[in-house]
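Below: the structure, in structure tokens.
A, B and C are the chain letters, set down in written order, and residue numbers restart from 1 in every chain.
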């Protein structure tokens, strides 16, 4: 029950998708439609896990008066308050959307905008030409950077033409090779799952 | 210790302040700069431009607030182009934030161009595990979405849905996918473009662009709008320069600053190594 | 006074303050971010999936198999009860199997197109049939770079084989150019992230620019 059933479910689910895609009968009885719906619904009913985990972790912070516990109070109040508001007025509600548009959008956008500063700092501290390969990488990077900005364009059409060539020929070739490798890797993992060799998701070792 | 070596130990906050000023000043005093159009951007523009009037443009809204500076301007430009051509726009988000963001943009541009929700455009809404919903839409949109739009309103009552039952090449003229990661264009390729033959153009964040280029070469993408520069080019093609164009001046100075940082860092490194 | 941009502006500054030093204001903003993100996804799914599925699909149309799928999803919560935590493997197994099935069935089609496109005719000609030298050289270069970059990922063939050895090292150069292009584009993307913030602060909030 603990190992065999989950393995059976895994293999059956994978084979059902293959059956639905490649077999005429599977297509006729619309196996994929049912599988997609089951995946969609089961996944959604598992969404509460984030809410529960956050409640447990931050509830504990408050109970034990851990450092910064007042932030946990704010988190729980805002999380449940916003949830309640959303359930009452729906996600189209004026207040619900106002909070999302004015608070969340700015928080999220700013959080990620910090990366601009980190790349500036990393460029200064970490981008070193230690080898010929690193030098080639740097030249390609500089050329693409120049070709991407109006300033580079003003230097002459060769800057943009060169950037386009880098993007369309060496970059495309290298990225395609990497993607083919990644697809083969994903395919191999899927085969390991379907053959029952990969069991990490069942808490075991593969 | 010479000046370059001393600069190696500089406080990162000094770099942050310099970088902030380099970007902030051109934003405060913007100067429009000319910009040539990349072939891939023009292809994406023409892809929408060639769609017959009244046909359906399927928009994949797969990005979050962090990439709005890049994806927002191009989203607006494509919506403006589509509404101008009287295309019917169907928004399908696979990212939860994509639903809210594209709704905001479509409301803004729709109001400006007097387009009616439910008749000229619709937002199908985000659902968890949206990749499965995407494949379901190729068979039956109403069943895939449980019959409701983003706000829980019945889709069957909307005029736009009267002749639209599934995402396939007979009913949808093309897809314009706005992607910043996963799920995104790869899922469209697997589940819609290849099995159903619906053509697709992509707008992506500049980080993703190098990885998406192979699909332009193979013709699987009908065009590719690359980051803020691509967005600025698209704004120009639509004839309404906006925030992307305004940002290109600051981009220039920001890029030059990064190049200078790399050069200075390497001078210090090479001097240290030569000893 | 516009309250929305004011709130957005203050929260933006709160997050940016992290660049100087981690501080209580940043921590507070960070907690707000997590709280709103969590509830937002739940509310949207309630409106777009849970409510219509239960009301229409299950109760009205009698799709009780959907109720079973919901129960399967709910089993994930057994992980909070150590004695029956193993039951949570059931939904997990279904999701993993579903994903593996899709990789096997749907992923190959786009990949095959990529491979097909790699083996094209080298000679490029215009409409009149005249040879386009530049495009032809590019086609040859593209093919060589792709094959050699693939060789770089050969782990089952020894590099002592001169074809694989030299091929892989040429491929390494192609990959370096690709990564350089990726870095160049990343710079544009990262700067854009902050430009958006500046445009918001100086434009939407403070109205210093249009």
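A few remarks follow.
Following the convention adopted for this analysis, a contact is a pair of C-beta atoms (placed from the backbone, for glycine too) under 8 Å apart; a residue touches a chain by one contact, two chains touch by 3 or more.
Just so you know, these numbers come straight off a predicted model, no measurement behind them.
Looking at subunit B and subunit C, the chains that touch each of them are A.
Ranked by how close its mean Cα position lies to the mean of all protein Cα atoms, the top chain is C.
The chain with its CA mean position farthest from that of subunit C is B. Subunit B and subunit C have Cα centroids lying 13 Å from one another. Computed from the mean C-alpha positions, the centre of subunit A lies at a distance of 16 Å from the centre of subunit B.
A separation of 5 Å divides the Cα centre of subunit A from that of subunit C. Shared contact sites, meaning residues of subunit C that touch two or more other chains, fall at 19, 40-41, 44-45, 47-49, 53, 102, 106-107, 114, 178, 181-182, 185-188, 191, 193-194, 196-197. Shared interface positions of subunit A, i.e. residues touching 2 or more other chains, are given as 35, 37, 39-40, 43-44, 47, 90-92, 100-101, 104-106, 108-109, 111-113, 116-117, 119, 123, 138, 142, 145, 148-149, 167-168, 171-172, 175-176, 178-179. Those residues of subunit B in touch with two or more other chains are numbered 16, 23, 66-69, 100, 127-128, 150-152, 206, 209-211, 214, 217, 227, 229, 251, 254-255, 258.
Residues of subunit A touching subunit B in their complex: 30, 32-33, 35-37, 39-40, 43-44, 47, 90-92, 97, 100-101, 104-106, 108-109, 111-113, 116-117, 119-121, 123-129, 138, 142, 145-146, 148-154, 157, 160, 164, 167-168, 171-172, 175-176, 178-179.
Taken together, the subunit B residues at the contact with subunit A in this complex read 8, 10, 12, 15-16, 19-20, 23, 33-36, 38-39, 64-69, 97, 100-101, 104, 127-129, 132-133, 135-136, 139-140, 143-144, 150-152, 206, 209-211, 213-214, 217, 227, 229, 248-249, 251-252, 254-259, 261-262, 264-266, 269-270. Looking at the complex, you find that subunit B touches subunit C at residues 13, 16, 23-24, 27-28, 30, 66-70, 72, 96, 99-100, 125-128, 145-152, 186, 189-191, 193-195, 205-207, 209-211, 214-215, 217-220, 226-229, 243, 246-247, 250-251, 254-255, 258. Those residues of subunit C that touch subunit B in the shared complex are 19-20, 40-41, 44-45, 47-49, 51-53, 56-57, 102, 106-107, 109-110, 113-114, 116-117, 178, 181-182, 185-189, 191-199, 202, 208-209.
The residues of subunit C lying in touch with subunit A in their complex are 3-5, 7-9, 11-12, 15-16, 18-19, 24, 27-50, 53, 65-66, 69-74, 76-77, 80, 86, 89-108, 111, 114-115, 118, 138, 141-143, 145-146, 149-150, 152-153, 171-188, 190-191, 193-194, 196-197, 200.
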